[in-house]
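Chain nomenclature is as follows: A, B and C, assigned in order of appearance, with residue numbering initiated at 1 for each chain independently.
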Amino acid sequence: MSSTRHYLRYFSADSAQRDMAYQLYQQVADLPLICPHGHVDPRLFANPDYQFGSPAELLLIPDHYIFRMLYSQGIRMEDLAVPRQDGSAVETDHRRAWQLFANNFYLFQGTPTGIWLTDELVDVFGVTDKLNAENAQTIYDQIDEQLKSAEFQPRNLYDRFNIEVLCTTDAATDTLTHHQAIRDSGWHGRILPTFRPDAVVNLHTENWRNQITTLSHVSGINVVDYASFIQAIEQRRAFFKEMGAKATDHAALTAFTTHLTDQQADIIFQRALRGETTDIDAAQFTGHMLIELARMSVDDGLVMQLHVGSYRNHNKHIFYRFGRDMGADIPIASEFTQGLQPLLNQFGNNLDFSLILFNLDETTYARELAPLAGHYPAVKLGPPWWFHDSLNGMRRYFDQVIETAGIYNTAGFNDDTRAYPSIPARHDVWRRAACDWVAGLIVRHIVDEVDGSVMVKALAYDLAKMAYKL
Amino acid sequence: MSSTRHYLRYFSADSAQRDMAYQLYQQVADLPLICPHGHVDPRLFANPDYQFGSPAELLLIPDHYIFRMLYSQGIRMEDLAVPRQDGSAVETDHRRAWQLFANNFYLFQGTPTGIWLTDELVDVFGVTDKLNAENAQTIYDQIDEQLKSAEFQPRNLYDRFNIEVLCTTDAATDTLTHHQAIRDSGWHGRILPTFRPDAVVNLHTENWRNQITTLSHVSGINVVDYASFIQAIEQRRAFFKEMGAKATDHAALTAFTTHLTDQQADIIFQRALRGETTDIDAAQFTGHMLIELARMSVDDGLVMQLHVGSYRNHNKHIFYRFGRDMGADIPIASEFTQGLQPLLNQFGNNLDFSLILFNLDETTYARELAPLAGHYPAVKLGPPWWFHDSLNGMRRYFDQVIETAGIYNTAGFNDDTRAYPSIPARHDVWRRAACDWVAGLIVRHIVDEVDGSVMVKALAYDLAKMAYKL
Amino acid sequence: MSSTRHYLRYFSADSAQRDMAYQLYQQVADLPLICPHGHVDPRLFANPDYQFGSPAELLLIPDHYIFRMLYSQGIRMEDLAVPRQDGSAVETDHRRAWQLFANNFYLFQGTPTGIWLTDELVDVFGVTDKLNAENAQTIYDQIDEQLKSAEFQPRNLYDRFNIEVLCTTDAATDTLTHHQAIRDSGWHGRILPTFRPDAVVNLHTENWRNQITTLSHVSGINVVDYASFIQAIEQRRAFFKEMGAKATDHAALTAFTTHLTDQQADIIFQRALRGETTDIDAAQFTGHMLIELARMSVDDGLVMQLHVGSYRNHNKHIFYRFGRDMGADIPIASEFTQGLQPLLNQFGNNLDFSLILFNLDETTYARELAPLAGHYPAVKLGPPWWFHDSLNGMRRYFDQVIETAGIYNTAGFNDDTRAYPSIPARHDVWRRAACDWVAGLIVRHIVDEVDGSVMVKALAYDLAKMAYKL
């Protein structure tokens, strides 16, 4: 990562394309940020005086993109101050953890994590030196001091980042107290919840029955069978919608969908209540619920997001010690054409329904996803997800999706991050990648400059806003 | 799409590569068009005075590439004047349908459909303005007027397009009356039939038994069992060959092949005659017949084409209302290495046999197809098919196929279209893409200019002619 | 292939990237060659006066990359002097075989085989004319004469090629007599064995029981059950390690791993001894042994290589006539995420274990392999293998692997060849490709020049040396 960033960074090496890209980029660089999907904690905005902790607490300890790579090179997560589930001792000196990170920052050469962090250090914290073993503590001081200032409180960064709207991701059982506090505070920022019922829909969730108990509690509906389960889900959706939600989000290992009768669904549900869930039960129930959740989206107008293909908690050693979301989720191959057919044949032609698909298997872009999005009115494609939220990932996405789906069957960009200060960098990478791709179309005379300008604005701003009805 | 097209269009942004590409392109741009596989209706040439209908009838209503995209954005196919199967009312004013298309032409930005249509409007109809809501009716008039002139009769376009030979695709039960009429007319154009027996080979064809009845009728062989079925197929192949056919064509969901005994095949065939076909029956029978059809190709010398991986009629809503080929076919992942092994172990080493493979799963290019084509004497690879018949699709094909297969194990280009006036544009895109790819090899000193010239001529003309024995 | 090679060959067309690539290339072009995995016969070095045979014996007859392509175009392998297993007559005049090859050398346009051979002819043999029908015999003479000189003895080429270390691949039952002879000779060259027990681990090996008999013989352990089998394997590993081995190598059709109890393993092993192996037995046993071999690597520190996804001997016609490794191995799709989980959950977090993965299904690069390597301390990715050991294959590898895994979770390059004189050309292609890729990062301001220099040196030299503990 270069320590001083060039204004033409990330654009094509070719001078004609690069110049065109920059011309387009200037048209979109300052547009407000639409953040329709992500994992920022609403707590940051509930308290007007919220302060971030140490540089390590902000940038290192919670970021599995970063400690994943360090762990892969034999660095213990305990030494990075990542907390153990059992409360065992881990490094408590954040400066030492930061030093270890800085010593190994070279590992991120050529990675999106390296790009985001460098951009963030420069643009958010004014740190222009490349992080290394020697300057680690000086840079720590620089960041630490700023984090204590009012300028770095989340609400002030919201304005500085030029965010127009930011959606969080919230469990079905969440009471949205932080969202309520934000509303009550009268602050002008627009922070919206998103309904994510995975923990109650996936029968294999750890302590699933406790989740159901909580669901009963927060919904006021005693969940004792499939029918009352559906009622409780609908109650929560109505509540989320009332609280401003525009969308739901669902994660599934595969895109398999299937229609069960209510009776079949109830038999599985009862087995689950008795703690007798089989793997087939869980797969069938998720496959059925995806259709049922689509039905609800048709009814209440919430946009349905589906994230497919992440094999969670692959490394049991890490899972038992550190829990979920610890950099040990590994993608698997996905299938959409046959898997989604039951759902799409029921609701895919419905103009009131919108299904945004995310996936970690790029082979499906040109083969399945673009053809589905380029045909079914309900289907849109989300931006490249997770491991593919990168310069190469975006280039492959544009190259493989757009010829068949066009840009208007995509949902623009979302940052999908819990790392709040990295949001501008992530949108900037997307905008630069989009401008470079459109510039390539222009210099090769595939589109003209007039259309190109419309396209980059759509990709940078309009498409996300339209897709999520924001 | 730019309204005035640049002579360097579609070439690489890099000026050295682009200049080299154009130099190569000038060597092949005017070569005659070899069209060994496509879906143009032979009726167009049977009647010397054939006239196309309205602009919408020519360019919009029959083109599922176009209405697929419009449908994906919520536009009803009825409003585009696409006929319903049940005869329900659809838009009858072609000007209104055209207007709706023009209003939404921006959806095709960056798509091959947009490129073909723009090239076609400019080169075939002299329309240089970019189609939009304002000029829709004026452009309609421009096209409409020309379509009424003798210059736009298909036979005259054949000469204008510089077509050397054009193969149609015809059902096994087709009596080839239009082909006979073309022959009888003494016209110099070379229009050849291709034998495609899918409707009788695939036991899941709608009204399969009626197909068999027709087969009996046209072949003069009473098809009552597997043996007489094979005889009838052979009779039709002999007839097609007599009528000038050089090739057969076969579509299958997968590349699975398997050898059944005659007795096993007959048991399945008898079940099919009784209307008791199972999914396994259909898959087994197709897998067996592919080997049997290969055997016939060894005998009669007809080149065997195999198109794999399209899940047909995915959207039942559309299928019931509008029928087949309505933009709702979605690809699935394919497997060739193990699937084709039984067929290839029987006939793959036979120098009298030629099998041209087409597929919609690009992951098989470098992994399976190029290694198979780069080893078995019988195997050749067809050009990028359908969704991949595009600038990016071609670049990926060249990049992933040629290093392992070389260009001489490919079958050059075919346009595979039913949209007759788009043929020159489709070949031109291929020729430009091929020249740009070879130019990349030259400027990177991977091949020299002498070899490069030979390669682009092969890709533009020779390979298709050789592969199909034309 | 151009006959005189340009010093900027294989770099990007873009002049800025190309110049940067060349600047980087000059930093690594003359580094010694690290050859940690390959198939050069140790016999070449055991005898100080070893002489190669004819040009055809050196360059054509043993090289399945070459005769595979010629065979695909209908040229009989017998006519290329490739020996039949049954001793049937084949061409004995090597000049005629060479002529046939030269006549068809154009088939290799744009292929890595063409590149290697051209580079090799120029750099090793000083042949600057492009091989063709006319100059075939003159070039044959040129090569033939040189092969008879001392300069072309393998030990002298070792120095000329600037090889630092070269690892061979040797069966578990090999007594390593050639390696012992090399040691005894006091020669300074570093030729190390690699332990590859596939023939005894894969229960489907032809004459597997004979292999076990030989294993008993060479290990001095009477292999009568699973326990003694494991003991014998361990004995051989200890012997190989004593003889300088740094690594083991294992080929498997899939990456499936599973843990059997000793009793389960023994039941399968006993069935195998009785000649009653089923397909499931063989798959289970290999899956189990991979974990067991990983356990041994943890114990003895030998680096474990795993090559996955080649369907061997696809063409039975060729297999029966010519045997193994005859250009008829075809890749299949691979799965790592779920397949390797049992092995990785047992040993993937162990810092004493190193597992280098090779594979022929590029779709796993970004989807599975890079995420696994970017998380598990034990996992590293080998360079693009076999069909993907090419300019495009390397570019795809860099583009799809590094953003998620970084370069430090890769194992640099290995040439994996039995064609000794092609080794410098293969490393040179990798070094050029690596420099071009890093140059692309620099000119797009993703990394700076300082980091870029470190990266190219790592890719060209350090990473292979570190990964194999050389």
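Everything below uses one rule, namely that a contact is a pair of C-beta atoms (placed from the backbone, for glycine too) under 8 Å apart; a residue touches a chain by one contact, two chains touch by 3 or more.
Small disclaimer: the values here were computed from a predicted structure and weren't measured.
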Are the interface residues of subunit A and subunit C largely the same numbers on each copy, more than half shared, or largely different?
different
Enter the angle, 0 to 180° in steps of 5, of the rotation superposing CA atoms of subunit B on those of subunit C.
120
Cα centre of subunit A to Cα centre of subunit C, whole Å, reads 40
Junction residues of subunit B, two or more chains touched
12, 14, 333, 363
Under the touch definition given earlier, write down the residues of subunit A that touch subunit B in their complex.
12, 14, 16-17, 333, 335, 337-338, 341, 344-345, 348-349, 351, 363, 366-368, 370-377, 379, 399-400, 402-409, 440-441, 443-448, 451, 454-455
Would you mind writing out the residues of subunit C in touch with subunit B in their complex?
1-3, 5-6, 8-15, 68-69, 71-74, 106-112, 115, 130, 311, 314-318, 327-333, 360-363, 387-388, 390-393, 396
